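For clarity, chains are labelled A, B, C and D in written order, and residue numbers in each chain start from 1.
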């Protein structure tokens, strides 16, 4: 179990996908030790670090070179990364060279979500699973509609988490921002 | 309509009760221009400024002298305050000199909630309404149980609000911390 | 104060806009006793009943004749309605005959939101306010984008409410579905 | 991955702990295939079915004989249960005969939470983890305070989930009730 606050951050690579969301993504992904996972828009590396512990192979992509550096540092910090390949490129570009994907996680798409999903759909194997996290309202709609267009039966779950600060005078709950998890499976 | 970000704050008097919560409190209070309102734990003055515009009279109490100063500044800023009395004292102490209360709002109780509710119960008139806001989990339970002990039929509503930042690339939702509103009426 | 559970419902006209949402809409609307209010997609009549108590005039529109009947029954039940006109028509059609609108509330748009907002924009006076409630993710994006296209500076607030059932063994919180409130003002 | 709606239910044994909550509990539990897990208040068997797939051994307890039956049926339905022992007894009573517990999950306590935590604390091994789910506001406070009294450093996370219904006209979000997850580790 990785603690949100143990991740190394950077001024333009904000904190990792939060603990509860990582937990739900892991569960929905049905990851096994035989799986090839792509983490598209790896950011701080929260998702990469989790799947590195559970999958056969993780390929993590980000257009931002700083994100690749921060993910690399976090893998090192947590003693992970032997099964991780880091690629500093556009998601849809990098995905073209990857095949037989079991799990594709799209956490950052830089306005390229539709293009990325087109390539993901091609490269996903017959048991493949897609998981998209969305913090923008617009991304939720875009993800659902694109997955429908591609013939999937997408599901969406929105999660609002608050964490307690156990103070002397009582427990104060502090909210995380809402995040949506959109999922689909090849059929 | 007062905007959260227009309120003057201070280092140890945090931002006002948020807009959505003020709106719900106003609605639940059924305030009229004949009402005497007590704002116990007035803090930044968010509640005081709202009721000052709608009630006959508002008496605002805080143990923290800084809160009294900040509330006074905010009343001035919004052109309000002619019908407001500010008292820098313990809630349960100050309430002893006030009678025939129509609406008592308890937003800060400094571990004195039970004592304050004992006096509020005495001083509330036969149509009186009590509204308690709670940010600590413990306060929710304490408020409900004390109101039941005093013979009320309390209600509790928990509110999670997030506000959009309309960016070029889409709408990002930012959460406020959860807050509970506990209400009761004299019967 | 109207209680959600006191509203008359019908098999195809679901319960009213919930209490907390009505409260926030009232607050954001800055309604006065001089205002002409249009409630577009009045449904059960929750919004109509609230504004009937506070505005000069309410014009309530719904394409569903059953909604008009239920709103009429609820107005009668709560002793309201002298200042309410009920129109059974398409929103964008009915709005064409209404001018000098102070407050337009769009709670149901039957896929006609953009058309309705076009007419609302024309008919709203210079101090006019628009309030849209959205339960579909898609409607949130559509409302924001259309309001931006029309030159407004829209705001969006999402509200998650849960209400307590005060049981002997403790307080159980029951969630309402999330709802977004999108607002804009003429400038 | 188990789907909430695939669980067998019963009139007095409501649906399982929901998917997102099961996912977060699994993650926080850090379960391994060497772990002995106790599911205290197993209800429908949601937690039992999950840990049955991942732990060495699961001991599931419920005072309600109907819950034991339903859990048994669900284990069978999902092809699980070889490593599960079902006990129809009071939690604190049944726990007395169990030692060297790695993970104790308390999901239903029938007003016996403090007694159960006293025994759990005794029976948990040195690397043991406690996870309590609370749907009552009172249980949150009780769990936190009892764990502090027992010398733990408890954490609390509250989770509000809504799930989308992907309709032709858009995506409608339907809320689950809020639930808190309280966790602690032996130190």
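By our rule, contacts are C-beta pairs under 8 Å (C-beta built on N, C-alpha and C of every residue); 3 or more make two chains touch, one makes a residue touch a chain.
Bear in mind that the values here come from a model prediction, so they are computed numbers and not experimental data.
J.: Looking at chain pairs B-D and A-B, which one is connected by more C-beta pairs in contact?
T.: Higher contact count goes to A-B.
J.: Which chain has its C-alpha centre farthest away from the C-alpha centre of chain A?
T.: B
J.: Counting only Cα atoms for the centres, state how far chain B is from chain C in Å.
T.: 27
J.: Rounded to the nearest whole Å, what is the centre-to-centre distance of chain B and chain D, using the mean of the C-alpha atoms as each centre?
T.: Chain centroid spacing, chain B to chain D, equals 38 Å.
J.: Need the CA-centroid distance for the pair chain A / chain B, whole Å please.
T.: The separation of the two C-alpha centroids amounts to 41 Å.
J.: Touching at least two other chains at once: which residues of chain D meet that condition?
T.: 137-138, 140-141, 144, 156, 158, 160, 162, 164, 170-171, 173, 178
J.: Would you mind writing out the residues of chain B in touch with chain C in their complex?
T.: 1, 19-20, 22-24, 26-28, 30, 140-141, 144, 148, 153-164, 166, 170-171, 173
J.: Give the list of chain B residues in touch with chain A in this complex.
T.: Checking each residue of chain B against chain A gives 111, 135-139, 160, 162, 164, 167, 169-178.
J.: Show which residues of chain B lie in contact with chain D when the two form their complex.
T.: Within the complex, chain B contacts chain D at residues 137-138, 140-141, 144, 156, 158, 160, 178.
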